[in-house]
Amino acid sequence: MVQPHRQALLIVDVFNDFRFEGGTGLAEQFRPAIPQLALLREHFRGRGVPVVYVNDNFDRWHEDMHGVVAYTREAGPDVSREAADALTPGREDVRLLKSRHSAFYRTQLPALLEHLRVGELVLAGMAGDACVFTTALDAHVHGYKVQVVRDAIASQTQARNRRVLEHLRETLGMATPGVEELVSRIPREGRC
Amino acid sequence: MVQPHRQALLIVDVFNDFRFEGGTGLAEQFRPAIPQLALLREHFRGRGVPVVYVNDNFDRWHEDMHGVVAYTREAGPDVSREAADALTPGREDVRLLKSRHSAFYRTQLPALLEHLRVGELVLAGMAGDACVFTTALDAHVHGYKVQVVRDAIASQTQARNRRVLEHLRETLGMATPGVEELVSRIPREGRC
Amino acid sequence: MVQPHRQALLIVDVFNDFRFEGGTGLAEQFRPAIPQLALLREHFRGRGVPVVYVNDNFDRWHEDMHGVVAYTREAGPDVSREAADALTPGREDVRLLKSRHSAFYRTQLPALLEHLRVGELVLAGMAGDACVFTTALDAHVHGYKVQVVRDAIASQTQARNRRVLEHLRETLGMATPGVEELVSRIPREGRC
Amino acid sequence: MVQPHRQALLIVDVFNDFRFEGGTGLAEQFRPAIPQLALLREHFRGRGVPVVYVNDNFDRWHEDMHGVVAYTREAGPDVSREAADALTPGREDVRLLKSRHSAFYRTQLPALLEHLRVGELVLAGMAGDACVFTTALDAHVHGYKVQVVRDAIASQTQARNRRVLEHLRETLGMATPGVEELVSRIPREGRC
């Protein structure tokens, strides 16, 4: 029997055209998170933890993930290109598309997580107060343990970002570690 | 053809045993919301808007809603009895049970709302930062217009309550009217 | 930790008003299944296996299960009364309502089965070629082991009933035991 | 406002490795359906009707549809190559992956159909008595009008295929037209 992977890293909506009200502010807040996300991905890949991209399809239903990345690279501002350069999924990463905020809503994610025997999700991406947040709450409702990486998410303003992190910690008791903390953590015995 | 009801009032988790960490604080915060909820229910019933109770089943899967109300009346503090006295559903109200935070998760609610042709939900109940909040976000993801009634909800602390109301207004642009405002509002032409 | 129940008996749509095209034929075919269903229920209750009723709500969204039973007793032919007399759920049975064919579609059933740690469903009720059949296929898709009790189901004609039983056996490899066989079966060690 | 497409053609599981019990028989039955499926696809594309491929992912979660087609071409018998040659999706077709029998189960299909404003599905592919059949029943439960194209599906035996077609016609009253009939049909006024 395959040994269950206990964790998965979920990278949410990092490919974006930023063509909406507040998009410029979000793009600006997102830029410093890009290298953090790359670091995070490297770390989890290295530990054999599944890396799962879930990204909005921008109603481009005829595209797979690479088509969506190509679209945002073309249609978005500089930050979209930087994200595509730094974070384009590899062959070893799972790539799922979604059409609403939560990565759980009408996607293959619940089936994938069951298949992988995942029990704990580490969440990063954007927007911290929208798709990442809704996905975190939905994961909690579905019974998963959840961590949100506080410096690998971005919202339109820092105040909004802070507010959701406070909510996750205070109401749900979730951990919100920083990248540094996760990356330097000594792996627990037998974890993966 | 039946004229579509455009709105529904969703009353979330008002029957509670408060037997959990922080339950005493929540019970205290909830007490002043009880008459507000009664007022709200009266108002919507009077306008012919469907009133839908969705309540946790406390893992009492053998009970229907009246069994759950009886249980909380018995097992909870005074506030549980006050809520049961003031808010027990009538024969004209729809009563659905749930087992997790969101009223949309693995319940009949999506089927009911389609059947009733509802497009807009007015939410009230508790906890404001848990089940009401998760239901509001889920409703938004499902494509419903949502209002959360700011003085007919309660959380363990007022700070938590304020935080979720700020999130709903600022991130999602939701209306968070007070009971007074809703009750005195002149019905829009042809609305129901 | 609670010992998982491995099986559950699912009794589908035995409360019916038969007010639809072909309803008279179905009522006639259903009559001999009533005592079989009573026997089956007795047997599983006696072994401590959860008995779960899932029944159509006939778009009577304001009713709980007992309201639906009362409605069919009133509105249906003699057979409806006989079913209500013989099969009305007890306090120890779980009662869920549904609004479409499959008992899994937009109901609490998936949550209940997870809660009860059920892995295998024994299905009975009607119509054998409609709601029972669709529920059996859906249970299979959801990953449950399924048995359909061949003489505790009924369809509008025996030909239709035979056809679905053949499909379940040949395409899905499902067992379709008779009541007699199930009731006399010596319980496997440690099963419940 | 975009004019709603009323129909969609759903092509189910035509890319297959046939590596399972009964796979050889299914491959043989499937061969004559390949040119029929190509004809059908041509016809619907020409009328501007969305063509949606939904295919099992063979637990290859790291692949998109083209990866799955490449896999079956490599791993399957001659028929797999013939299907890949004749039926590989074009840029204009929507491509969704699934992991269980029904195309509706834990996929993006329900979201896609809502987005496209589809009300009627035309189903073809394989296996006629498994994934096509389960998808047809699920579509019916979800409230879609459904047609199954009788000579553009295949099951392990003709007897099984006949049985499900009889069920769809007799129990559900579904139309089961042949390709010839669909292709030569004069489009109804204003239909697409």
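Per-chain residue numbering starts at 1, and chain names A, B, C and D are given in the order in which the chains are listed.
Heads up, the rule we're going with is that a residue touches a chain if its C-beta (ideal position, glycine included) is under 8 Å from a C-beta of that chain, and two chains touch if they have at least 3 such contacts.
Computed from a predicted model, the values in this text were never measured in an experiment.
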Please pick, from A-D, B-C or A-B, the pair whose interface repeats that of C-D, with more than half of the contact pairs identical by residue number.
A-B
Provide the C-alpha centroid distance between chain A and chain D, rounded to the nearest whole angstrom.
33
Can you work out the whole-Å distance between the CA centroids of chain A and chain C?
42
Per-residue multi-chain contacts in chain C, two or more chains:
100, 105
Chains as vertices, touching pairs as edges: which of line, ring, star, complete or other describes this one?
ring
Chain A residues touching chain B in their complex are 100-102, 105, 129-130, 134, 137-138, 140-142, 155, 160, 163-164, 166-167, 170-171
Over in the complex, which chain B residues touch chain C? Could you list them?
59, 61-62, 64-66, 91-95, 97-100, 105-108, 110-112, 115-116
